[in-house]
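Since the structure comes first, as structure tokens, the remarks are kept for the end.
Letters A, B, C, D, E and F name the chains as they come in the text, with residue numbers starting at 1 for each one.
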Amino acid sequence: MTIQSINARNQFKGKIKEIIEGPVVSEVDVDTPFGIVTSVITTRSVKELQLKVGVEVLALVKATEVSIAKL
Amino acid sequence: MTIQSINARNQFKGKIKEIIEGPVVSEVDVDTPFGIVTSVITTRSVKELQLKVGVEVLALVKATEVSIAKL
Amino acid sequence: MTIQSINARNQFKGKIKEIIEGPVVSEVDVDTPFGIVTSVITTRSVKELQLKVGVEVLALVKATEVSIAKL
Amino acid sequence: MTIQSINARNQFKGKIKEIIEGPVVSEVDVDTPFGIVTSVITTRSVKELQLKVGVEVLALVKATEVSIAKL
Amino acid sequence: MTIQSINARNQFKGKIKEIIEGPVVSEVDVDTPFGIVTSVITTRSVKELQLKVGVEVLALVKATEVSIAKL
Amino acid sequence: MTIQSINARNQFKGKIKEIIEGPVVSEVDVDTPFGIVTSVITTRSVKELQLKVGVEVLALVKATEVSIAKL
């Protein structure tokens, strides 16, 4: 099913730099212009989406999940 | 209380560009070198942290909150 | 930008039944064949995605956000 | 401690179909009328709640965790 | 529907101290032995659960939602 | 980078009591004066922050991640 657009306001486009695979969840590191964006998703999703180093992806974050710290 | 470091792997430094204040939650838009990062936090936090346009902040996201989409 | 697929394991297809719009966030209720799925997203996203009653959408949930209760 | 009701607006009742156990977190797949709902919770919770294939549970999701995609 | 137990590892029992009601979401402040625990839930849930100042509740947090900062 | 303050309204100070390390994520249990607070973070963060039993930390939770149950 193709998605036209999604509400996640924060979208970071990049290429997968590294995948650390665990039995249940995996870490997917995406190389974006913002720097490395790290995601933890199910290992099943990694396999179903056929994610591999070099694949172009979009890292998505809902605005309600973003915290703000003062420097 | 000063924090030395935090586990949130995804940290985006920038200046606040806009705040849309609601009665309970507010939208805080942070201008980073690579684009806008949008956050929704409580309006109480906006006031307690004295967030205003131009203030330098860090937008933080836990890795478990990041989704991955294939293009 | 068209998305081919996303890692969110839980995807519920339906039509928007109701939108309660607030100044910062809005509630979007999606009528699926098996019941209503409720989402809270930014009001900006509601406008940018041009969400209205009757529009067909996909409600998405990351597996790490799902809690389990025993009956 | 018995809970009468909870604010999670999205509640999916079903039976556990599969559990993939990891050292820290486990995937729990629940067979509901909406289809399979997948959850990742701590392995400690799986043990403490004595979750097993066939057990009836409620998969719960906060409205703020639900994203909306346009088809 | 009565719930026997839930996977949320972090459970804070207390009495509601204050509710700030907004059009879509409300802030619910719970007075617990840990101090005030603040929650943002839909205003619909506040009404359906008949939450009011003084009512005894459980504030629940999934372990995957907890960040760790070093002092 | 030192952080002065953060928007997470719920902050629980304590000492690490136990760490269960997995290949991708680890469980960090924090002993606070009022009980254990459990967190799941990436194993990389555990190493980078040099988290060990006895280290003083702050467990942080965004208000939008807190659910409310009625007893």
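The rule is short, and it goes like this: a contact is a pair of C-beta atoms (placed from the backbone, for glycine too) under 8 Å apart; a residue touches a chain by one contact, two chains touch by 3 or more.
On a predicted model such as this, the values are computed, not experimentally measured, just so you know.
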Neighbouring chains common to chain B and chain D, by label: A, C, E, F
Residue-number overlap at the chain B/chain E interface, same or different (half cut): different
Of A-D and B-F, whichever chain pair has more C-beta contact pairs: B-F
Separation of mean Cα positions, chain E and chain A [Å, integer]: 29
Centroid spacing, where centroids are CA-atom means, of chain D and chain F in whole angstrom: 22
Centre-of-Cα separation between chain B and chain A, whole angstrom: 18
Residues of chain B engaged with two or more neighbouring chains: 1-9, 22-23, 25, 27, 38, 40-42, 44-45, 49, 58, 60, 62-65, 67-71
Chain E contact footprint on chain F (complex, rising order): 3, 6, 8-10, 12-13, 27-28, 30, 32, 34-35, 37-41, 45, 49-51, 55-71
Complex contacts: residues of chain E adjacent to chain C: 1-8, 22-25, 42, 44, 60, 62, 64
Chain A - residues contacting chain F, complex: 20-23, 25-27, 38, 40, 64-65, 67-71
